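Per-chain numbering from 1; labels A, B, C and D assigned in written order.
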Amino acid sequence: MKRALVTSGAIDVVTEFAVHDRGGHGATASFIGRVRGDDGVSELMLEHHPAMTAAALDALATQAQARWALDCVSVIHRIGAMQRGEVIVLVLASSAHRDAALAGASFLIDRLKTDVPLWKRETLVDGNQRWVEPRANDEARAAGWD
Amino acid sequence: MKRALVTSGAIDVVTEFAVHDRGGHGATASFIGRVRGDDGVSELMLEHHPAMTAAALDALATQAQARWALDCVSVIHRIGAMQRGEVIVLVLASSAHRDAALAGASFLIDRLKTDVPLWKRETLVDGNQRWVEPRANDEARAAGWD
Amino acid sequence: MLSMNISYFAWVRERMGKGSETVTVPTGIATVRDLIGWLATRDAAGAAAFAEPERIRVALGATMANLDDTLGNGDDISLFPPVTGG
Amino acid sequence: MLSMNISYFAWVRERMGKGSETVTVPTGIATVRDLIGWLATRDAAGAAAFAEPERIRVALGATMANLDDTLGNGDDISLFPPVTGG
């Protein structure tokens, strides 16, 4: 099973995990990214590309399933405005095997950071806004999966 | 925060995730291991060492927190008899940083497989019982963290 | 002379002051890099958005592309900064 | 002569037919490896459990130990197969 989508509503982590739990897979690995509250950010806005973003998430999920024995993959990214502590992204990879689940989940989040058209804009508590810059090691981590 | 325990009751994955969600950490990585239903196993029994197992889980959590910037770690292992699809083990690692969360969760499950006194016995649908043997690459994966 | 639809995202969109436009480019604009160079000299907004071409990423249609890819008449072109999702 | 408490786990426990026992070992039994060798010759259960010493893991008290570690009087020793949790 493959589930890849962008959503402007809150990501329901429990419901998404339940899909994998029902499958009875031996192993599920996950990654959850949240809006951090420790750096003076009051709101995060995620901009996407209407014609590309969902397709890019789907392509990533397809790549992961082709490379590892993954019975179920979910890649869900929120767009629009969100607050501290809210979930930005959820990645789930299930397999009969631990190695495949762990590698699949890491691959999905590492590649999402470089391959999927999404842009973060932070609003600080003083009202200023700034576009987030890529982290220096994002490209290196993503290239590690080539 | 550190949470390491063995339990004979069902692991409540939602409740354990909620602890990490409340923390508002930027990144949470997880691993869930379940009883597989695809190989003729009707019941799995996990034997533990009453004087050692909980302490060994706690020691692993401490090692992970010393090595990476992990704000919250949970390592929870079920013992006793369990059925297909039930959760055997849950590992959660939360950090401000993706790299730390992903590495921490992988480390915890890889090392748990070699360092914590726990033994699996399968009961097959035909009633026969067998003790599970370690997988060939378990030692290599665990040693990869040395 | 080529006519094409350009969409802008994130700080490229903000600096351009618009999300999209249809442009007809002068003769000699053959690649995405040429297009960016032309936009950078067209007006102050373009100068602000495209001062550093190496910070610009591009898609042709719904496919990631390169600055040296060739433009075609009627292309849908997206110009944006390095992505920062996840 | 040393006296010690031994606990068995998993298939070692099953083959021994007991979870624990207190034993007094003959003179000359100095290490865990010696103890396993003695148990393997003591009776049929011990022979079944300890036929392959390299498959046996050991803890002294609550600490993982090695087959060549030295025994002490009153030690709590655990003998078990390689672990398979997770």
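What we mean here is this: a contact is a pair of C-beta atoms (placed from the backbone, for glycine too) under 8 Å apart; a residue touches a chain by one contact, two chains touch by 3 or more.
Values in this document were obtained by computation on a predicted structure and should not be read as measured data.
Shared contact partners of subunit B and subunit D: not a single chain qualifies. Each chain gets one centre point, the mean of its Cα atoms, and the points for subunit B and subunit C are 49 Å apart.
Per-chain CA centroids place subunit A at a distance of 23 Å from subunit B. Rounded to whole angstrom, the centroid-to-centroid distance between subunit C and subunit D, based on C-alpha atoms, equals 73 Å.
Chain geometry summary: the mean Cα position of subunit A and that of subunit C are 27 Å apart. Subunit C has residues 86 in contact with two or more other chains.
Taken residue by residue, subunit B touches two or more other chains at 33, 98, 109, whereas all remaining positions touch fewer.
Per the contact rule defined earlier, chains pair up in contact as A-B, A-C, B-D.
Only residues 33, 46-47, 49, 51-52, 55, 77, 88-89, 109, 112-121, 131-134 of subunit A touch subunit C when the two sit together in their complex.
Listing the residues of subunit C that touch subunit A in their complex gives 7, 9-11, 59, 61-62, 64, 76, 78, 80-86.
Interface residues of subunit A facing subunit B in the complex, by the touch rule stated above, are 13-14, 17, 20-21, 24-38, 84-85, 96, 98-99, 101-102, 105-106, 109, 137, 141.
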